[in-house]
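Heads up, the next two complexes both have chain A, just with different partners, chain B and then chain C.
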Partner chain A sequence: MEDKLSFEYAPAPESRAVVSIKPKYGHFIGGKFVAGTKHFPTINPATEETLSAIALGSKSDVDAAVKSARKAYVTTWSKMSGKERGKYLFRIARIMQERAREFAVLETLDNGKPIRESRDVDVPLAAAHFFYHAGWADKLEFAGLGTSTKPHGVAGQIIPWNFPLLMLAWKVAPALAAGNTVVLKPAETTSLTALLFAEVCQQAELPAGVVNIVTGDGSTGALIVNHPGIDKIAFTGSTEVGKIIARAVAPTKKSITLELGGKAANIVFEDAAIDEAVEGIVNGIFFNQGHVCCAGSRLLLQENVAEEVLSKLKTRMAKIRVGDPMDKNTDLGAINSHEQLLKIRELSAAGDLEGAERWSAPCELPGKGFWFAPTLFTGVTQSHRIAREEIFGPVLSVLTFRTPQEGIDKANNTPFGLSAGIWSEKGSKVLWASQQLRAGVIWANTFNKFDPTSPFGGYKESGWGREGGRHGLSAYLKGVSHE
Partner chain B sequence: MNFYGLVDGTEASLKKYLGALSGVDQVGADARAAMLATRSIKTTSKRWAIDTAITMVDLTTLEGADTPGKVKALCTKAVRPDPTDLTVPSVGAVCVYNDMVSIARTHLDLIGGQHVGVAAVSTAFPSGRASMAVKIQDTQDAIDAGASEIDMVIDRGAFLQGRYIEVFDEIVKIREICGTKAHLKVIFETGELVTYDNVRKASFLAMAAGAHFIKTSTGKVAPAATAPVVLVMLEAVRDFYSMTNVRIGVKPAGGIRNTKDAIKQLVLVNETAGPEWLTPSLFRIGASALLNDLLMQRMKMDDGYYASPQYVTID
Partner chain C sequence: MSNRIDVKKTYKLFINGAFPRTESGRTYEVKSSKGSFIANPCLASRKDLKDAVVAARAAQAGWNKATAYNKGQILYRIAEMLEGRRAQFVDEIMVVTGVTKTKADKEVTDSVDRLVWYAGWSDKISSLSGALNPVAGPYYNFTIPESMGVIAAIAPETPSLLGLIDVIAPIIVGGNTVVVLASTKAPLSAMSFAEVLATSDVPAGVVNILTGKKDEIAPWMASHMDIDGLDISGLAVKSHADIRTAGAENLKRIYSFKSADPGRILAFLENKTVWHPIGL
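Right, the complex of A and B next:
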């Protein structure tokens, strides 16, 4: 036997043979793929290889999509019983499960996230959202939202690049269950799984026009937001763009939900289970390369355990396997785009400049593609930019506190309020802290856990409204009576 | 003994030492173990893992029906697991009851297996329900008969009652008897301690008392060496090393029956305690059926197909 101590994991790449990517895509309007006029490339961020050409949605494309959605709403979908709508949603969910591997591989190629995450998190959760909402379709009167609710009509939905298929599911499933039709625009860097979803809609024989997908960039998104034929806008993305959308929608009759940025505090109290807290910190900030709006990007450590936690955290971070997203053993994949990489670098440089101490896990980064090593900053205070601004990358800012109240005060001292984490083995402290924290989602002794039954959304600049659960369903209904 | 300067042998100091340990969150530990179980170990790394796992096997027979013939057969298998392929390494040790130690040692020496250890289960294994005098005699007998490793059980009743000092003192006494002649493995029977908090506490207690190895189970109680239990023990030896600069070994035993399970154990070691533990002097797997599955997988990697089980010897 070879005399070596280290256990090197041989490459274990997932096969990409399961997907066939067309050289060029159009839009999905009225149940058919229609050619686009102008195109832009979509690349694999791990290799910079061009995967396909994506159509840039124009005014006429958006007009056609809205028209088709309106027609489907008036003639078919609004007249169909909830039971029948539910059948379509169940069918979509089952097809997504059957084609799970295809979705996972495509998502990883287009987005850069590790196949382990697209396979074990994104795709199963996306299917779960359709299953969950399929169950509501014929029970809307019993959802506790009132007995005279109605769908809005046509929903315009704009989703981000961090969880392309999952965010599609969060938007499309409740909209359809409640009886709306949709015009959806995926993010410009990650359109491929949405276009594969369009195939699933065809396979499920979903009535034409119920789901329309127009690809494009911010200009296409603006056309959707400002379109007079749309009744409801749902947006997930940056707070900056969210504010522009809110302004645009304010003088109209459109309903709106916004799921925006965050700068979540992950608070470790002295009585935490340290090893599991370290796992939770890693999962909180390095899951999906930190491209998570609810990422635990501000670590708040009680000072009497700070040294121990940091030492264990660095040991653990050194074990994070960075590299080929298609390798089944990869933990941290590629940054989604060059633009995002520059943003992460810029904010990290600001951390250096403002006197925080940078530490990065020793790891070899591939030569091609967009990469950033798992990094933490210590010596961060509330007034550092890296403690206030969303980095949206694998960069953790570490702050300390002396008393539980100080921890809470620091956690709440942010314009955001999407999520927070509490680590303590003391039940009374967990309950107390969760009552003090101003965040839409609070995790105790875990982090980044998602479930379609659980409402998700933010306080303050993190957004308006909720997605998931009964609360999320209500965003797609009019005439909701709030108990 | 100075117990690494961690405790002074009094109950008060032991309570303080154990009381300072942080808790283990069960859900989190389960999740981490499940995540590590998704590691995909292929080709060269799988081959390396199989051979490494073979050297870590404590090939075990602990039956009331054991006879000298059965034990000799086990020893032969331990030295040359595959008589048709001499590149297969020997296992780490054979593990037998007290009265079979001299038979095992003599036979191993006879067939060129001087490098294979003999581990004796001790201290009224598996229940541990006997007087201290009996436990001491049990251990002394095994060492006199040539055991190089003693696998003792702790008094789980005393542990669950919070009489930690008694558990501690028993380990200290048995370690004294082992002296320099035998390595001491301390079996917790994690299936009876049940909680991960208890596993962590027992780990730190045994390490301070002088254990060379901490071991999950007797193999007589289920559940035995579950992945999260081994994870918690590996975290304990890692933390103990950072406190004392001494590396304590870990031995999961019971329920590890196939190559996949064994490789999962090695992944746990690699990513928790670290690659330094990937050696038979710091990691052993107590098993009987496992060895043949490792051999079958090894043959499959060499030949490209699964052979009939008749191509591996049953003992």
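Right, the complex of A and C next:
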């Protein structure tokens, strides 16, 4: 009966005519695009089509970028008034808004995320980050660090592939507002929007060398981390790599911030609004294919509502539209890379092996590209790998609890501490739980919300420092008493 | 001169509100500035550190839950107890370091005053670091500083009392518990300070004090997986790199400080951001 009443979706593909991708890219150093030596392909993970060739940053490329950033810092950027610096950032924000569709399409092609997300979340938030931080540039003495704050100098920034442009904005906007110059390395699989951002810097007439972009893989990232000409390292990525960077920076005077992994609990109490919670669970784990460090990947259900939530959740998951990321109806796009797909498969297989029960939404996956159906595991225990390790894919581990305290204890039983979710209609319980949870971001009766004014970052092994708000800005300023 | 034989104090550790000897049975000799024997304090072992961390971890939730007003009063109470025992601290500082009475007296005065200063921060620090964030949507969004957990600290060699208070007070005022290694050469005032703590309504385990060698204990602190943060102000700068490298294993927050200011408190607080929808 229900089938007869439902309507089929007609495809609503976004046009890719708005972007022009060059066959080959170099680096952006000293305000100019400079040719690379070695190149590697970047592909569309939804089709495996090669989009372009990206330069593999070498030691001499990184040297040139750091030198250019230092020169810009010394001769231009550190001498400019905050008011003028801010105006460049406002310009960048405006140009990003003007070219928003272009950024969204390019991001979706290169990353595999649904156009609806890149268009409605990634790109608008990236522009908002520049707009927000632009206003800080001439107000740094009010940032709570005293009146004699100073920028660090040259910041080396390494960003991940899950939100390529947005992570660039989280890094570059506060760095520039505080008066630093930057050398940024986008992730190996998602360099295109960073290279388009370089064009925006040119259109904004940003002084040469203030922003330098060197593309490449982990080896290029290591060259940046270990470069003696860099004063500040900012990294977003895995906890494993974060620890390697922390050790590399330990003997130096470099300042460092790290945004690392997570294994967030999303806790549904018995007094939750169940339908809203189900939407929140879906958003929590399937947003951006689960390629989210703060994803609600451990669902903790209070026992007496577990059956109802699971039943509604499966019904809802069956309606998730998986497929062409360029289709405006698509909810779940492609897995970003073959390597990541293998990792998701490996951890899911570990879930089977360790005795959890797998359920995947019945959906047809495209023949080409990298895909993984929305999946949940029930019967998960705290010791299972799928309850402890970050899967970074559309895979949800479901655990149950009896008392609120047990729910909190299970939620906190992890070395991570990036985010957590709470679902309850009782205000005092929401506030109690938000106090008890050991995580940097708590979403109560919502999930995966971000804003430039709102500090984001983790407790414990989820990282050092915050991004966004006054707290995030302070990571790019010297002036605090400790070092 | 009286012919009476002094009753000398045995200097022990301070763990979980009690005064145990080191489980290792090791001691070292502390001499006066003139070279005469004063005491055989404990040379704390790795196991002593572990015991202290277990105590600090167990005490943390309760201490964190205490209201800011309550924590402020307890810190103030420590100052009251210290004030009442000034003479003992002045004597101990003089005998070990050889400074004049005026100088020792000033250190004790500064220590009492410093405790009072930190006590007052307990209910003000969150207005310094917290924020209500004007997000672009119908959400109530705020950021508040919270305790980080268990913090370890290396107190500076000198001043042995004021330096100790400058590591302990900012760590505990924010709701953390602490395991601190006292000055190696001048541990007397630290162990007497433990007696002050024991009579100041500070819950057992909130402050734990060890005596021993920095080069032994600092690396154990750095690699301990249940320590969240580390204050290395009292450690020679040449050792900082190794300590920071070892601490990366669980991404400990490791800082060294030069002065007493609210930044010392904030360094060992985590900022938590909470979102909630607004609507009917």
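As a working rule, the second predicted complex is superposed on the first by the 474 of 483 C-alpha atoms of A that agree within 3 Å, B and C clash if a C-alpha of one lies under 4 Å from a C-alpha of the other, contacts with A are read in each partner's own complex, and residues count from 1 in each chain.
By our rule, a contact is a pair of C-beta atoms (placed from the backbone, for glycine too) under 8 Å apart; a residue touches a chain by one contact, two chains touch by 3 or more.
Everything numeric here is computed off the predicted structure, so don't read it as measured data.
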item	value
Which of chain B and chain C A:A10 touches, first, second, both or neither	first
When both partners are placed on the shared chain, which of chain B and chain C touches more of chain A	C
First (chain B), second (chain C), both or neither touched by A:E141	neither
Touching partner for A:E425 - first (chain B), second (chain C), both, neither	first
Partner chain in contact with A:G280 - chain B first, chain C second, else both or neither	first
Touching partner for A:P251 - first (chain B), second (chain C), both, neither	second
First, second, both or neither for A:R116, with chain B first and chain C second	first
Chain B versus chain C as contact partner of A:N445, first or second or both or neither	both
Which superposed partner A:W464 touches (first chain B, second chain C, both, neither)	second
Which superposed partner A:K328 touches (first chain B, second chain C, both, neither)	first
Set of chain A residues, in rising order, touched by both chain B and chain C	445-446
Residues of chain B that touch chain A when the two form their complex	22-25, 27-29, 31-32, 38-46, 48-49, 51-52, 55, 87, 89, 235, 242, 266-267, 270-271, 275-276, 278-279
Residues of chain C that touch chain A when the two form their complex	128-129, 131, 133-137, 139, 141, 143, 146, 148, 228, 241, 244-245, 247-251, 253, 255-259, 261, 263-264, 266-267, 270-277
List of chain A residues in touch with chain C within their complex	128, 144, 239, 242-243, 246-247, 250-251, 258, 260, 415, 430, 434-435, 439-446, 449, 451, 453-457, 459-461, 463-464, 466, 469-471, 480-483
In the complex, chain A residues that touch chain B	1-2, 4-12, 116, 120, 271-277, 279-280, 311, 319, 328-329, 425, 445-446
